[in-house]
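Each of the next two complexes has chain A plus one more chain, namely chain B in the first and chain C in the second.
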Partner chain A sequence: MSFKVIPKAALPDWIEQMRRSQRVVGPKPLHGQHVFGEIHGAAEIDLDYPTTVIPPKKYLFPQQEDLLTYKLDGSAPSVVQDAEPTVVLGLHTCDLHALHLLDRVFEKTHVDQPYMARRAKTTLVSIECLRPCMSHSFCKSMGTLSVTDGFDLHLTDLGDDYGVDVGTPKGAALLDGLKGVREATGDDRQRVNRIMTEKWPRFPLRLEFDVTELPSLLSVSYDSKLWDELGERCLACAMCTNVCPTCYCFNVADEVELTLTAGKRYRVWDSCQLDKFATVADGHNFRAKRGARQRHRFFRKGKYQTDAFGLLGCVGCGRCAQACLVDITPVDTWNELHRPATEGTKEAAA
Partner chain B sequence: MSTPLRDTLSEPSIYLPTAATIADVRAVGKREKVFTFELPKGLSLAHQPGQFVELSILGVGEAPISISSSPSRSNGTFELCVRKAGDLTGVLHTLKAGDTVGVRGPFGRGFPIERFRGKDMLFAPGGLGLAPLRSLINQVLDERGNFGRVIIAYGARDPGELLFKDELERWAERSDVELHLTVDRGDETWSGPVGVITTLFPKIEVHARNTVAVTVGPPVMYRFVLMELLGKGLSEGNIWLSLERRMKCGVGKCGHCQINHLYACQSGPSFSYAEIKHLGEAL
Partner chain C sequence: MAVRPKVAFFEFTSCEGCQLTVVDSLQTHPELLEAVEIVRFREAMSEKGDDYLIAFIEGSCTRPSDEPHLKAIRERAGVVVALGACAHLGGVNAIRNRQELSELRRYVYGDKAEWYETYPARPISAVIPVDATIPGCPIDREEFIRVVKAVLQGRAPQLPDYPVCVECKLKENVCLYLRGKTCLGPIALAGCDAICPTYGDSCEACRGLIPNPNIESLKNVLAEHGLSVEQTMAKMTMFLTYQTMESEAAAHGNGKR
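Presenting the complex of A and B:
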């Protein structure tokens, strides 16, 4: 839409202004790491953060979420509608790409109202990453190092100012009446261009092949012995899926109050890495081996989601690699699958 | 990259069950009961044979259950045949006529009956597999003239586990139904064949090019039944089965029922063998 500039000095006013009508959440330091949490004032937010333990997806798809509440007196259950108007301030572009995928997943065929209700009340203000956040991230390889759309506002750190790409009228409305905002000049645009040009070489390409080859690489890797090797190492702890911005599998359960007069039905994050995920009532487990579960995970990330939704199921944030105690990582896994094929070709050519 | 979001919030939640009242309960096996449900006035399930509902009991949970009645006999009601297997099915088995549960659905892809018309039908249910297949069988029998031969080869663990005995008797009496029964272990009440379901197949002659086989049963059964059917020369596209998986949402989100890239609750549970034979996780 348009390009504007906000002086950094206006951040406190801006946050205060947004907080008058809605909740503002953003990255803040906690115990030496960063987490997304409610921001009460500019002093709490750290927009120059590396990454967060849990991605901001939790505001659209909370770790646990009530679907229905009911009385146990035979009356009809009620649908829980507790979505709060929220500005997510400062999400990184990998996490924004992940939300594009979740939007498609939850909107397709059967519309998932709990997600869509939160989505409709959420305003996304993303921020351009200018330095790699950690050694495990590989956003450049996955094509998520920047964004062209999908945000309401997108910030670029220009030193004393933020460059603001206005993506939607909803984003523009956040700036209404804010003192200090101005239209970008040719000079500002040049500053952004220079910063973008300078940032690019700072990020390493970590996949040893072009990511567009990933779905086809996987389709010839189904029977690789690597899956069993990963299965031997994997602890089936589910940390990798818990921290992932594109994972959305869930369990549904009921909980009755101690008085036995009322209860609720809720959903809670689940994981394909857990032993019983695919077990049916007669005890048969359709993915009993850890190797089969690792294969399923990496196929979802690199192929199944692309086939179904046209977007990769991994945005290269690196959180799973950081979280895994036995160093199972998407980069190593996919490179390993790619390597023998290449060597094989070389040998065949020799 | 991103597309504008539809206005979807005015639609009712896909997780909200509709009340269904139990009109009748009858035992049809040692661990199985058939429940007849009525929906609120004006609503009909409008299902296809092979589809399922998510059955809900508040305070307990939900479970996917195939619709056992055929659309041709719906009359504003539908039937579920449920085996007592755990929490939800256990509580359901204590309910009586007049009690209310919740249902969501119908979900999934049913059997494509329009493609079966004009063919000889070979039904091969194993155990509880008769519950979902009964919907299709009765639909076929209610438009009997549209089909060639109707052959039913049904196997159960023991005579006590043969479900729907009254209906089996009626099918046995019909001259236009060829019914073959077997049990893994016989007892004093049993004078019929003893052996697993596949022991029935050598006795059944089929015209392979004009036969559609539909088989529903436990995972272990499929491998052996498929071998028999392929051995008879049936084409992979003419062999249909229903794949059971853990399911939590029924609407393609929760991830539990995935078979490689397919969601059993969306692309299935009814599949032709041709559609799934290349999927490592299907059988």
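Presenting the complex of A and C:
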């Protein structure tokens, strides 16, 4: 749509203005890390942040959410509709790419009503990353270092100002009536171009091959010995999937009131890395080995999602690598599979 | 309301802190008393009823004379629930299982050592069949209520079967390993809402082990974080002695209940 400029000094007014009609959430420091949380005023938000522990997908797909409530008197259950109008302010582009995938997942094949209800009430304001946020991130290799669409507004730090790429009318509406906003000039556009040119070399390419090769690399790596090695180390703690911006598996459970007259049904994040995840009727676990579970995870990220939804399942945010106590990382795993010395891939290819 | 099932509480070797948590949960969930009738509960009443459907048993079995008592409860009760880490895992009482009992008894009771019978501490499931378990030291009051609900519905309670790391990470806590500490969270059963790590303390696995824990890999992690083999073993001793001795015995081909 259009390109505008907001002076940084207008941020407090802007946040206050948005908060009049909706909840504003964004990155803020907590115990030496950053988390997405509610922003009550400009002093709380830190837009120049590394990455957050849990990605902002939690606002569209909460860790636990009630789906319906019911009474045990035969009356019809009622659907829980508690989506709150929300502005997610300051998403990194990797997390925005992850939401592109989740949009497809929750909209294609089966429309997920709770997700779609939250999505419709959410406004996404992303921000351009100008330097690597941590040593584990590999967004450049995954093609998520910038973004061209999918945002309502996209900010670029210009020093005293933010350049604002307006993506949708919903985004434009956030700026209505805000003092200090102006249309970008040719000069502003040149500032943005210069910043974009300067930022690119600051980010390392950490995959040793082009990411478009990843799905086919995995196709010939199913029988690699690497999976068993990962299985020996893996603690099956599920931290990798719980911090992942593209994981969306959940479990559904019921909870009945003590008096046994009413209850609720809720869903809660689940993980393919947990021992019981693939346990089915009669106690059979069809993915009992940790190595097989890690393989499944890396196939989901590098191949299955691409096959099913046309987008990679990994956005290179590096959260899983940061969280893992035994140093299992996508970069090391995929590079290891790509190296010609890796026996497993050769066997599988043969 | 229909007939309320009768409930009794019993204690074996334990601190009775789990029953105190039950008293506590009655304050936040007084509706519990509309759902059940308590006929025996020495923390809260003087009566001692012997007619009950549901028996909650706290404490581990630590001496021969505990066994007939446990068996009598099992015969009377329709449903037996193990209450807390001692009943579930043998609890801290099982630390002694790796030590020489006669010496230990002399250390504790001095010249009266012979007055007291004792043998290795066991969870009550090693003595009688148990229908449900509420883990933890102490138990979590919300989980106690959830288990009671399930039992009243005639269902097996669904307890978390995943590690503490899941709950800890979802709360966006700083991992204790990043704070230069060590923690049993990756192998310990969740359900406590990661309360200890949330307040900066290492998990001691009071709820026992997850299914198929990768203990060997965690030992390497602990070693990388500066723990000696002895320190690591000590860490695994607080609540896990009975479970780890059982799996050692199973690995040697002579597993026993």
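Basically, the second predicted complex is superposed on the first by the 340 of 350 C-alpha atoms of A that agree within 3 Å, B and C clash if a C-alpha of one lies under 4 Å from a C-alpha of the other, contacts with A are read in each partner's own complex, and residues count from 1 in each chain.
The criterion applied here is as follows: a residue touches a chain if its C-beta (ideal position, glycine included) is under 8 Å from a C-beta of that chain, and two chains touch if they have at least 3 such contacts.
Being a predicted model, the structure only gives us computed values, none of them experimental.
*Asks:* Based on the superposed arrangement around chain A, label chain B with chain C as either clash or fit.
*Replies:* Pair status: fit.
*Asks:* With the two complexes superposed on chain A, say which partner A:V79 touches: chain B (first), chain C (second), both, or neither.
*Replies:* first
*Asks:* Applying the document's definition of touch, where does A:F106 land relative to chain B and chain C: first, second, both, or neither?
*Replies:* First partner only.
*Asks:* Check the residue A:R319 against both partner chains and state whether it touches chain B (first), chain C (second), both, or neither.
*Replies:* Neither partner.
*Asks:* Thinking of the overlay built on chain A, is A:T259 touched by chain B (first), by chain C (second), by both, or by neither?
*Replies:* In the superposition, A:T259 touches chain C alone.
*Asks:* Tell me the contact category for A:I54 with respect to chain B and chain C: first, second, both or neither.
*Replies:* second
*Asks:* Measure off the angle at the C-alpha centre of chain A toward the C-alpha centres of chain B and chain C in the combined model, and quote it in steps of 10°.
*Replies:* Roughly 70 degrees separate the directions to chain B and chain C.
*Asks:* Please work out whether A:P114 is in contact with chain B alone, chain C alone, both, or neither, and reply first, second, both or neither.
*Replies:* first
*Asks:* Among the partners chain B and chain C, which is in contact with a greater number of residues of chain A?
*Replies:* The partner with more contacted residues on chain A is B.
*Asks:* Which of the two partners, first being chain B and second being chain C, lies in contact with A:K301: first, second, both, or neither?
*Replies:* Neither partner.
*Asks:* So if I take every C-alpha atom in chain B and every one in chain C after superposing, what is the smallest distance between them in Å?
*Replies:* 6
*Asks:* I'd like to check the shared interface: which positions of chain A are touched by both chain B and chain C across the two complexes?
*Replies:* 253, 256
*Asks:* Would you pull the chain A residues touching chain C in the complex into a rising list?
*Replies:* Per the touch definition, chain A meets chain C at residues 30-33, 35, 52-54, 63, 232-239, 242-243, 253, 255-260, 269, 271, 274-276, 288, 290, 323, 325-326.
*Asks:* Taking the complex as given, what residues does chain B use to touch chain A?
*Replies:* The contact residues of chain B facing chain A are 1-3, 5-6, 8-9, 11-17, 19, 58-63, 85-86, 89, 100, 102, 218-219, 244-246, 248-249, 251-256, 258-261, 266, 280-281.
*Asks:* Taking the complex as given, what residues does chain C use to touch chain A?
*Replies:* Touch residues, chain C against chain A: 1, 29, 31-32, 34-35, 145-146, 148-149, 152-153, 158, 161-163, 165-166, 169-170, 172-175, 177, 185-187, 210-214, 217-218, 220-221.
*Asks:* Mind listing the chain A positions that touch chain B in their complex?
*Replies:* Checking each residue of chain A against chain B gives 67-68, 70, 72, 74, 76-77, 79, 100, 103-114, 116-117, 119-120, 147-150, 222, 248-254, 256, 263, 265, 267, 270, 272, 277-282, 284, 286-287, 292, 296, 299, 303-304, 307-308.
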